[in-house]
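Think of it as A, B and C in the order they're written, each chain with its own count starting at 1.
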Amino acid sequence: MALATSESWPATGRRQSGSWQNPYRPFLGSVVGAEDLATDIRMFQVALDDPGERERFTYRPGQFAFVSAFGVGEAPFCLTSTPRRGHFLEFAVNKVGTVTRALHHMGEGDVVGVRGPFGNWFPLDEMKDRHVILLGGGIGGAPLRPVIHTILDNRADYGRLTILWAARLPSLLIFTEEFDDWRAAPDATLHVTVDQGDETWTGNVGLITQLLEQVAPSPEDAVTITCGPPIMIKFTLLTLEKLGFTRDQMFVTLEAKMKCGMGKCGRCNLGEKYVCTDGPVFSYAELSGFLESL
Amino acid sequence: MSDKIQAKARELLESGQVSCFVGYEEGTRGRVRPAFVYDAQDAERLIWDDRCTHNLTVYLHQFQGSGREEPPQVGIIVKPCDSRALNVLLHEGQVTRDSVYVVGVTCNGVRVNGQPQDRCQRCAERVPLVYDLVLGGVPKTVGREDYADVDRLEGLSPRERLAFWMREFDRCIRCYACRQACPACYCSECVAEQLDPAWMSIAIDLPQKQFFHVMRAYHLAGRCVGCDACEDACPMDIPLSLLNRKIAREVETLFDYRPGQDATTPPPLATFDKEESIPL
Amino acid sequence: MNVTTRDDVTAWLDRLAERFTLIAPMAVEEQVFYRPVAGSAEIAFDFVRTDLPVKEYFLPSTHVLLSIGRDQGEIHVEEPALDGERVVFGLRPCDARALHVLDALFLEDEPVDPYYAERRERTVLVGLACREMGEACFCTSMGLAPDDAGDVDLMLTEIGEEGDGAAYAVQVVTEKGRAILGSLSLEGVEGNPPAPTVREPIPILEAEAWPQHFDDVYWTRLGDRCLSCRVCTYVCPTCRCFDVRDYEMRDRSIERLRAWDSCMSEGYRRIAGGHNPRPTKAQRLRNRFYCKFCYYPQDFGPVACVGCGRCIATCPVNVDVVEVLEDVGAL
């Protein structure tokens, strides 16, 4: 069951970025809200200062942007918001390095830079009328959230929705306040698991691959998107194959160290493909043809 | 001599005593380069002559067990200067003695592009200081350390000296060949590349380059054995040996210590001796 | 052909140096680098090729991308002032071709890099053809010739003897070159400039044939002696990987710097969090060759090597790209 490439999902995502003349120059924006999602993971809402730039900044689920903590640097983050749900750009930031640490120190009104949007996007048009299975591990759930929102906001356009959500610990699960909304949607199920429970955890304990084998969704007329740490992606794809999914039914979104977002700095290549311009969304069929693996 | 090295390597590989033998081989364009021999039949690649300048001990790290109980033995050729570097690595716990089979070679000096090397003329050791087997005849010459180049440097005024080094560092491109070629530079994350905290910026400009070279020279104080692998590797002909030797002489004068003579004498800069404390 | 004398050329260069920043080969100790010169007296005319490529003037080893001012919570972002107009003199065809290779990425692949574009636009390239190939040179294997004028604005070819009596044939290649000719006196004479002495090219495997050798143990063995330094990438005229980072200045303003970086460095691909897709030096070394001969041509068009031989001359452990190309062809 092949998914054809079509207008809705071009192979590359080279689009407008940053200042319209200088792609290295960020737009200025302000932090308008922040919410702790999990230990060391905070979601930031950014509003671009210039109304014209705010209007022109359109993006689709799967794309990413660079957020600048001026004085430290910038880093790429997937856009976890959808344009339909507001003018704020939302980013889930895991505090692991210098830029993310600087961002975590920011409060309302602080100025950040935004460059983007970059990259390609999920083939949402191709996914219409199909059973959509989303597998998110840890912060990997962030790029899947706008897919969930798009499906929920256009429920009739999509088939069944199955979400598998995982983290190492209960304190690392993100977007837990949205779980009720997701479960309440028609023909949608949410399965949550953690690698290791704690004193208050009463839900599933086990790896996402184990949960996946239990849930055993049917590959018929289905599309999957997996995102999480490289090792989780690797084993989830193997498990999906065991369950009968073909490689062009499986999509992933990848993370890489990036400095430009435009294929110039040379850093994010997997073989001749650049994660920033040919990705970050790839099908497993494509990925299997790459010389380098994750 | 090459055939003796080949024979020993063949024997060590055939018996399984070593998983790899690190030596020298003929490269392209008349150059010699490091060789890694894994199969006994390839031992014939190994050569030895006065073009064998590289300090092979820099490669020992990639063979260390890192967590495994018994690292594989690796065979290695060392010249006297290389053997001093090996002593430093043994001393600092970077290499275990029983993980290497050391084939020492006596040395009458090496040449780079046909030019005899200054370090060889200053080298007092002609027989390696640590080995399992030593090959080669009785050395014909012996060198003598005279620090003449350091004297000339110290003859300059501080202002002139600064101008000299700034002129030299200006050509540096921060390629880190000096650091990568140096057996004593084995930090898994170098201060020069650390981001958190960022001791240096990413800029390839004179302030950063000056900081890098002076800092590296200080980190090598009491540890640099004068093998000059750094200067040989530098594509910009920066006199790194002179910088390291200036500091080496300071250490020798202050502490009567020359690194690499053995693997047991406590190194002065890593040893706290109560008698050395200066009362307030 | 149109010919001129060395004396006329030096006088012309001195006049150019008054109007433009003149960048030319200059002897520094035992080496030769492209440097800004005050006049022709500082120029080294007799050299094989410079020890560092001219890319420094188009992709500087360090430069400011943005200046960010902070003023009571207000942030304003400024772009650096543009460089003045420049003339590069003494550009060897390999270095000029390298600019063409970089153009494929920085100019022709969207979005355009404005910093590179501006420097390219504001520079006139005056080439100096080679009479013979250097020991490590292999430009003819990369589809180039030592007297190739295709990538410069003006091409000078030495004719006659070397020294002050030397004469040059002058070829106008582009209008940009013609515009700076000014009063350089030219005399039309019969004949053509002498052809350079060349060596037999080696066959280069085409990009599509590289993937089949990706998993060959050859790369692990080659990587054994690699020191994982950065020399090859920094002396290479077509390598362009860079790093970007912000730094706070004393006056609390911020500079966003762009500086050379190298795929050969161990931490190059490491993500915050620790995962490193290319942890071994053999993987990095393999990636470098594949990037130059397989990925870059597939993504952007030209092969990312011009046969200048600088990496061959400077690699401390004799990783020789010509040998690698021959070996890969035989795998």
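Operating definition for what follows: a residue touches a chain if its C-beta (ideal position, glycine included) is under 8 Å from a C-beta of that chain, and two chains touch if they have at least 3 such contacts.
Source: prediction; values computed, not measured.
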item: Most centrally placed chain - per-chain CA mean versus overall CA mean; value: C
item: Farthest-lying chain, centroid of Cα atoms versus that of subunit B; value: A
item: For subunit A paired with subunit B, centre-to-centre distance based on mean C-alpha positions, whole Å; value: 48
item: Whole-Å gap separating subunit B and subunit C, where each centre is the average of the chain's CA atoms; value: 33
item: Whole-Å separation of chain centres (CA-atom averages), subunit A against subunit C; value: 39
item: Shared-contact residues (touching 2 or more other chains) in subunit B; value: 195, 198
item: Contacts with two or more other chains, residues of subunit C listed in rising order; value: 243, 245, 247, 261
item: In subunit A, residues with contacts to at least two other chains; value: 97-98
item: Parts of subunit A lying in touch with subunit B, wherever the complex brings them together; value: 97-98
item: Touch list for subunit C against partner subunit A, complex; value: 65-66, 68, 70, 73-75, 77, 79, 105-106, 109-115, 211, 214, 240-248, 254, 256, 258, 261, 263, 268-273, 275, 277-278, 287, 290-291, 294-295, 298-299
item: Residues of subunit B that touch subunit C when the two form their complex; value: 27-29, 31-36, 54, 58-59, 62, 171, 173-177, 179-181, 189, 193, 195, 198, 201-205, 232-233, 235-237
item: Touch list for subunit A against partner subunit C, complex; value: 14, 17, 21-26, 28, 68-75, 94, 96-100, 109, 111, 113, 229-230, 255-257, 259-260, 262-272, 274, 291-294
item: Complex contacts: residues of subunit B adjacent to subunit A; value: 195-196, 198
